[in-house]
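Every chain is named by a letter (A, B and C) in the order it is written, and numbering of its residues begins at 1.
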């Protein structure tokens, strides 16, 4: 068994609560993550599931170090990145990529799709032959080459999210964080995007942290799951085992609350 | 359902064309004042004092809008007065814009201490009554074109700072700003390449609006005789003189007022029109 | 028996002439829940808005009729129409936060309609709202009614809105994606609550949703929409047992199922979409709006 890509221990994140900031002085800190221990194995998709306020998005942002943890340690590929300053993080960035929930917000409206995909490539020293690299990235996600000239508002929701994926994968990163990437999409588009991600993760040997509120999607896509609630890990393990025999009552509740598309007269009454 | 992409863009924007047209005419007139002004704006001729505009009884050819109480040609004075107005408008507005937008961008994007310090300064700054502040500044620096420009810039940078700060703050919360960090860009570079282009339409609109405001402030300062030397015609100065002879020669007051009004209105409308046009995003 | 809601042959267009509803017919019997399901752009919310008389000004009804308990809304004067809609219907909205005015207390917002539209006395309205808050299992009605919306959780706000919707005993409730903004565990509680109140009060519900799972759990009848056109209509049980239209089958296959991961999340086949496009082209080709309708409705 190879070393896991991420090793996280005792991870805590506390952020200032601006709603309770006194007139003078600092805002009180709220602990969003309360000491998490887990590992992300290489070349596999790990689901992080939880309801709103569970801290799953904060956890994701701590992994790609958009947020600095307040305690504990995060080690990436054997290197401690918990408190690395921005400047030292920069060379690692190409291996820590992210796909965002809302492609409307994650694509700069004033740039062409081509420029959006090219920027991280150039920044990371892959600026030669940039047109071909951008075309390659677009092709990978099933978009035609001429989309490079378009703007965000000229694309449909599904196409925008494909661009988000193309941008994140253009650098051939080791790790990709996917934060609720299908929550704004229709089911048919959602299915396309997820099968695309599934295929690319497999082909490129990516390690993916897949944040979602939808256990059905995680069941299909992820090899292991981390269930979160109120900033803590409630349960984690291989997906098959977790669904076959959920240990924690909260996990059972979460599974039971999913409305399956099949007739079941007792579902509303139970639980 | 309604597809924004299908909306056709308007080709002809009457507001933009009319406002821009007036500004262009006024600007060209000011630049080429020596070539097109029918008379010397300073030449006094007591024989020709208080001549009425061309369509009235007793008008003289060559004095289209009449003369003032010293017999100076009103049209020529308004055209020359435009020079001061436009110099002040461009210089003061750009100075206020550069200072205010830079600080606003920094405060809005970086937040934290930078924001707290800049915002406090703005709050304190805005507590001074602006015209009194300007008069005070001119009194300190002495009268003259550069004092007027400095005074307006010093007062009005806060307008840019507040608006741009709020806009930059909104932009900074966008995921593409976060993604630029993931791509490995530095914070300062992100501010310039991701945030600035998206607040630029607002800066342009504000800049144009500020030019109009600068014209007014300059006119007010001229009106109270705190602008440049009284020899050079300024719109505010002409209005101040016209006020004294309103019963004998109303035109000396009315024509520069109309010019001032149209120019200020055009600046603000031109800015709004540009903002709408500048924006490639059909929101 | 007169249907509670009867929509017949309803077509609507945008100001540029583009059709957004294509001869939609559907009815909701008294006391029944009909789900209206489709993806974005299917026109499902548009139908709800048409029933409530709150279509955006850019959308014009050009053909067909909407009857509430037999009353043809298109034949009424604007004022009459508002009165009929106000007396017979209510809305459970999608976003419980924006549906409540953030600067007013919750209590007055709940009694507003009873007092100002239906002309109830203030104490009667107050009593009624408290009774409904009890029915949605809110144990501290005083605290909730005095609270501002932001002081309540998302689930709590949605309960308040459900209570408000049922308070006036409407004949028909339009529920517009009422659980989409909620967490799954809260969604289940809210669905249960809607089903329970619906049964007790005998209210008919037009339940707009994009989620086939929710359809299966809450409705007795279902209408599947695509691009403003009814694709399939059936008893809910029959639809899930034996979907007739290829698009319905494709939607079911695309919906994730944790019980059967490999048979779910199937992208919709291009051939299905091409078939739909052809159906719509044919429908639009033969379509001329009938001109017997008074303009300006909606």
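Quick note on the criterion: a residue touches a chain if its C-beta (ideal position, glycine included) is under 8 Å from a C-beta of that chain, and two chains touch if they have at least 3 such contacts.
From a predicted model like this one, the values you see are computed outputs, not experimental measurements.
Undergrad: As a test of whether you follow the contact definition, which chain pair has the most C-beta contact pairs?
TA: Answer by contact count: the chains A-C.
Undergrad: Would you kindly say which chain has the C-alpha centre located farthest from the C-alpha centre of subunit A?
TA: Result for the farthest chain: B.
Undergrad: When the centre of a chain is set as the mean of its C-alpha atoms, what distance in Å lies between subunit A and subunit C?
TA: 33
Undergrad: Just curious, how far off is subunit C from subunit B if you go by their C-alpha centres, in Å?
TA: Roughly 52 Å separates the two chain centres.
Undergrad: Starting from the mean Cα coordinates of subunit A and subunit B, work out the distance between those two points in Å.
TA: The mean C-alpha positions of subunit A and subunit B differ by 48 Å.
Undergrad: Among the residues of subunit B, pick out those that touch two or more other chains and give their numbers.
TA: Not one residue of subunit B touches more than one other chain, so the list is empty.
Undergrad: Spell out, as numbers or ranges, the residues of subunit C touching 2 or more other chains.
TA: Within subunit C, the residues that touch at least two other chains are 40.
Undergrad: If a residue has to touch 2 or more other chains to count, which residues of subunit A qualify?
TA: In subunit A, no residue touches two or more other chains.
Undergrad: Could you list, by residue number, the parts of subunit B that touch subunit A in their complex?
TA: Those residues of subunit B that touch subunit A are 4-5, 174-176, 178-187, 193-194, 197-198, 280-282.
Undergrad: For subunit A, which residues count as touching subunit B in their complex?
TA: Against subunit B, the touching part of subunit A is residues 64, 66, 86, 89-91, 93-94, 96-98, 100-102, 105-110, 116, 119-120, 123-124, 151-154, 167.
Undergrad: Please give the residue numbers of subunit C that touch subunit A in the complex, ascending.
TA: Subunit C residues touching subunit A: 39-40, 154, 183-188, 191-192, 195, 210-218, 236-237, 240-241, 250-252, 254-259, 261-262, 264-268.
Undergrad: Which residues of subunit A touch subunit C once you look at their complex with the stated criterion?
TA: 51-52, 157, 186-188, 190-192, 194-195, 213-217, 219-220, 243, 253-264, 267-269, 271
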